[in-house]
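Below are two complexes that have chain A in common, paired first with chain B and then with chain C.
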Partner chain A sequence: MFKILHKQEVAPNVHEIVIEAPAIAKKAQPGQFLILMADEKSERVPYTLSDWDADTGAVTLIVLEAGHSSRKLILMEPGDQIEHVVGPLGVPLEIGHHGTVALAAGCYGIGAILSIARAMRKARNRVIAIVEARSHYLHYYEDQLREVSDELIQTTIDGSEGIKGHAVDVIKKRLEDGEQLDLVVVVGCPFMMMLTGRETEPHKVRTLVALNPIMVDGTGMCGACRVSVSGEMKFACVDGPFFDAHAVDWDELWDRKAAYSQEEIQSVERTEPVVPLRPGSRTDTL
Partner chain B sequence: MLSKKERMKIPRQAMPEQAPEDRIHNFNEVPYGYTAELARLEADRCLQCNKPKCIDGCPVNIDIPGFIALIQEGKFIEAAQKLKEENALPAICGRVCPQEEQCEVKCVTGVKGDPVAIGRLERFAADYERANGEVAMPELQPKTGKLVGIIGAGPAGLTVAGDLIKLGHDVTVFEALHAPGGVLMYGIPEFRMPKEVVRAEVDYLEKLGVTFVMDYVVGRNSTVRELLDNEGFHAVFIGSGAGLPSFMGVPGENLVGVYSANEYLTRANLMKAYRFPEYDTPPIRRERVAVIGGGNVAMDSARTALRLGGDVTVVYRRAREQMPARDEEIHHAEEEGIEFKLLNNPIRILGDENHRVTSMECIRMELGEPDDSGRRRPVPVKGSEFIMEVDTVVVAIGNKPNPLIPQTMPELKLTRWGTIVVDEHTMQTSEEGVYAGGDIVSGAATVILAMGQGKIAAQSMDHYLRTGKNPEPPPPPDSGTPAA
Partner chain C sequence: MTRTLTIDGKAVTARDGETVLECALRNEMSIPHLCTHPNLPPFGACRMCLVEIDGMRGYPASCSTPVAEGMRVQTNTDAVRRLRRKTLELILLEHPSACLVCDKRELCERYRPKAEKAGCTTGCHTCNNKEVCEIRVLSEQLNLAALPVAPSYREMPIERSDPFIDRDLNLCILCGRCIRICEAHHDEATIAFVGRGSKTRIGQAFGRSLVDAGCRFCGSCIDVCPTGSLSDRYAKWRGKPDAVVETTCVFCEAACALSVSSTRGRISGAKALRGGVPICVLGRFALPEFVNGVTRLTVPSVRVGEVLREMPWEEALERTSRKLKQFTGNTFALVCDTTSTLEDRHLFERFVQEVMGSAHYIEIEPDRRGVSRAGLPDGVKAALMTGAFVESAELDRLDFLIVQDCYPTAISEQADVVLPAAVFAEVDGTVVDGDGHFRPLRQAGKPPGQARAEWRIVTELAGAMGAKGFDLESATDITRELGTAEAKLLPERGAAPAAAAKPGNRRTHFRGHRIDERVRGVRYLPVDNGAVPVTAAGG
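Showing the complex of A and B:
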């Protein structure tokens, strides 16, 4: 059992959840992920680590309310116990001295790049964090990211804050303007990761994407998360999550991610809280 | 007292089981097990040989005539305790051991007739004890103050845990998944290995004092070296299993609708997808399922698919005689209406515009010259390609060892297949204080072989923990004398 220490909705449907998990906090490295089960009947679902504190044993995740499993987590309150949390899983992102590193992120990825930015900067890279959202009210972690990056660029698709457009537009413009980027790391939805890769490829900028396919065990045992990279079969859980954006078979990734969309809809209709709701807790989602 | 002649007249007793037409609609266990009357009748068939050969066939050296004699006397609880002297998990072995090629094949009554149904009797005694009151606790040796870390709560790890706790050591078992049992939990289906049985065996070990830590991935949360150097463990046993599914390497294997048997079975068994939506993990419920492979895992996948409502075909590239699955499993699958396409090999899987499986192309095979394994090698028949319409393909062609521990312990010696090198007399790896057993050593083998290796490892670990050395290698085996 893993206690929820803190929970906060940092943007609509985007929740920061802090969990007591000392064995994970002790070993976590940037880019790794955890697998959570809210209760014994839950699916095993991967979530990218946002931050952690080895001293206090706390780990922080950004959970996007997207379906049945995430909803179950979000209906829990501080003090509640998550049945299973396992990790840190996946190969950590290689943090070394690259030069200028652009970190592009959207939705849960905005939280996920926090620890990556901090580590990259500590390794004496110049870190540009580029975060995108549909509108200004969907941005979060502005102060936190500003603190760990040399430059923070926010974009909004509706133009209500920062640069109008997507993170990839910023990267594209900078590359066209002749700015040297030595490494681009993208954490977000597959479409965003694919588009970013497509723009960096002609400029031959090494681009790593954090793939997040469906997983079951997360330790290499089941092969649900297999992806084709340069025509080779890879398991995102033990070979990834980071892969070369220019070598990933994106079509296949999408279709595999959507394999259970019908069942997911069926599940969402039935979400019930793990712990009965208390006065003052969120009931509007039911 | 029955005479030998009278004993030999008793026919081998069948185990009552669910009728095929009923069981294909549920996940309940297929055989019901012996009643007390049937068990005593079957036990009476045992001749109590002076030099019983059956024990030689048992990887864990159970006193087989001993426990059967107790069943003959109606002392069922005592029979279970006798079993547990050598085997901490009799309810499991009674169900999934291939007795027909181990103890039963050596049984003298099998020379002229059918051998004693040792496995069914083992299962009966263990089930009887579990169902009838408190499971007796064996005597534990005085505490040694030594701490043993076991990686993986599967058959090998559970065996080591059971043996070492009885010998007075403190034992912690680390399991990466959320429930203990390893393949017994995620792989073997409920209808063949009820999870309640696994749970009871684990509870028994917990009562003996074994600590289980779930959700702990050795290699990530701690390395083996850290367990030994920083976390106070005096010895470590690696029983992490065969955790990386093999695929065929044919085009179309990443289409939606192609699953490793591990995933297919894990969803159904560990995640209880067959109870979706009560459980959150969706099952793979399709209409036309092809299962590739001829082993027990293929049979388990096929029979699971059938229960989830599909038409199921097993596609295997060799002939029936060469199928590695137990006869009993093949027989059950046939009874349930699973079709077998033998001597056929998939060459590619085809999909629609959404990357979903629509069909599979196979080629017929014929048997050629024997290969390294002594089995005749299947060779494709030119021009015999054909298309099967399927919407799901389950690949059950075996596993490779999980790389997580070797990756994080570079000094550990591996074979060229990635399995861990051990001294077969002690099960010690290339590293002092580190032992290994089960599928991480033997590739993909059986539950009982994993347990047999666990037993050897436990003995040498006990010796090592007490003396700092491994036991001496055994003397060369003597020629032995045939049993009565």
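Showing the complex of A and C:
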């Protein structure tokens, strides 16, 4: 059992969850992920590590409510116990001296690049963090990211804050303007990662994407997370999560992610009303 | 009295009492509109339907302007187009609108046409209403490309503590349709505009829950909501249905006409066919959950030794017929209730008389709560039941029991044969309402697994027993054999049925099954001061 130390909705539908997991906090490295089961009957779901503290034993995750299992997690309160937390899993991102590193992120990825940015900067890279959101009220971790990057660029799709557009538009413009990017790392939805890969490919900029296929055990046994990279079968859990964006078979990833879409909908159909009943309320007597 | 007017230079004839908007729409001329709705009186709040009318000052709202003789209306001038777009831009400042002005919208639609589930919606891509959204249609009609200033987000917690209805007021555009339909449909509205100015929102007085505020859960508010703000918790992520069938509700004798939607043959939602008067919580919310239960009977099974063993239909029917031949005459009884279609019951009766040579065809009329109970006549040794209608203790004197049902029950557990039946919106046929009118049932979804229509099960059982005259191909064949008057839907009724006016008036049972065991939300709506009557059999 793993205690929730802190929980906060940092942006609408985006929840920061801090869990007491000292063994994981000692071993974690940037780019790795955990697998969580909210209760003993939960599905196993991978979440990218955002941050951790080896001294206090706290690990931080960013969880989007996107279905039955994540809903269970975000409805838990500080002090509640998460049934299983497994990790750190996955191959850590190679943190060497690359030169200029652009970190593009959206949704949960904004949290996920925090530790990557910090480590990259420590390795004497120039770190440009480019974070995208639909609108200004969906940005989070601005201060935290500013602290660990050389440059923080926020974009919004509706133009309400920072640059209007997506992170990929910023990368594209910079490359077209002749700026040298030695490595691009993208963490976000497959749509964003795919589009970014398309734009960096003609410029031959090495681009790593953190793939997020359906995953079950996270240790290379089940094969649920298989992806095709350069025509070779890889397991995102033990060979990834980072792969070369220009070599990923995106169509296959889309197909495989949608394999259980009907069942996923079915699992949220029957959810009970969520808010605890108030004492004295008519519904309380049922 | 008719009036003639011109709309965009075209002469049209208006009907008495029509508004400019109604007249234009009836003549297939489009004027963008939002807050108005066919089931509601004009409101004139959103200003999307502004037009220019010669001799009238400013830009009148066509939804609330009655037609007049000789009126000359312009619906598409530069000025009104600009006004409408500006109005929409303002509306969208308080509605998650980024996806509507996104420059990657086309690509996004290509790669992810379906909305992704989210707890809290922050754009079309994670909105349950994406595929049927009226705001999206308007933004396309009006070429919305950008917002004038940064939008705001209300940061209202999403409301999902009531049964059946999810509410995310961050998506609400305050068109008031939900409030107005609640007022039109019920003596006292449950919801109202709460708060003032920029804090105005839809809500209940004193912050009560919908249940506490006496909501009837007719779902009309969801049906008229143009955004994803109000949603049917069960159906919300199914997207646009790929089929919609008009059929009749059989939860009670009111027999309301329903529009039942399905996706890939699976029933996903139901609502009132026209929506002029409300339907009850069962008709609106219970049907999909009831028919899609995971414990539905899906495969025939026959008792072999101590256990019920699943087997193919052919083998199950063959074994059943062999055994049943030992119980001809009045040692056999068939027990059904009137929630089975007329066609099913006709076949049941013929089966009892012609195949079994018995007089014991027992048809139960459910009581006001839907409870159907019967006793077995003396001397009966074998029975076929289409639901849990008798006391468990009565089964002890049976030597052979066939249960044909949709869910397992205490009775089916004791049966020698269990046959999975299709029910309700999974079948075609005719039902009789409380006033004696014939109402049509039309198949709106596939039965689960190998479940079959009840008339078909009996037909095949008769065939397996060597009976002649049971070679019927469809429910329509039987309707013809019955020679009943044509069944007609009841799309509009004078007043709301009793259960729609008060959920406590609803039925609690359907064919021997407690509805609240299959549809959990109704547990929050007590009947008889919280005491739900329970049949000993249904449990």
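Everything below uses one rule, namely that the second predicted complex is superposed on the first by the 270 of 286 C-alpha atoms of A that agree within 3 Å, B and C clash if a C-alpha of one lies under 4 Å from a C-alpha of the other, contacts with A are read in each partner's own complex, and residues count from 1 in each chain.
Note that a residue touches a chain if its C-beta (ideal position, glycine included) is under 8 Å from a C-beta of that chain, and two chains touch if they have at least 3 such contacts.
Keep in mind it's a predicted model, so treat the numbers as computed, not measured.
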item: Chain B versus chain C as contact partner of A:79, first or second or both or neither; value: neither
item: Which of chain B and chain C A:216 touches, first, second, both or neither; value: first
item: Chain B versus chain C as contact partner of A:71, first or second or both or neither; value: second
item: Contacts of A:233 with chain B and chain C, given as first, second, both or neither; value: first
item: Partner chain in contact with A:99 - chain B first, chain C second, else both or neither; value: neither
item: Touched partner set for A:87, first chain B, second chain C, both or neither; value: first
item: Which of chain B and chain C A:166 touches, first, second, both or neither; value: second
item: Set intersection of chain A contacts, chain C complex versus chain B complex; value: 264, 270
item: Chain C residues touching chain A - in the complex, by the definition given at the top; value: 96-99, 101-104, 107-108, 111-112, 114, 116-123, 126, 146-147, 150-153, 155, 159-163, 170, 209, 211-212, 233-235, 237-238, 264, 289, 292, 520-521, 523-524, 526, 530
item: Of all residues in chain A, those that touch chain C in their complex; value: 12-13, 64-67, 70-71, 74, 134-138, 156-161, 165-166, 191, 194-195, 254, 261-262, 264-265, 268-275, 277, 281-283, 285-286
item: Chain B partner contacts - residues on chain A that touch it in the complex; value: 23-24, 26-27, 37, 40-44, 68-69, 72, 83-89, 216-217, 219-224, 226-228, 233, 235, 238, 249, 251-252, 255-256, 258-260, 263-264, 266-267, 270
item: Chain A-touching residues of chain B, taken from the complex the two chains share; value: 176-178, 186, 214-217, 220-222, 241, 243-245, 247, 253-254, 256-257, 259-260, 262-263, 266-267, 271-272, 276-282, 354-356, 402-404
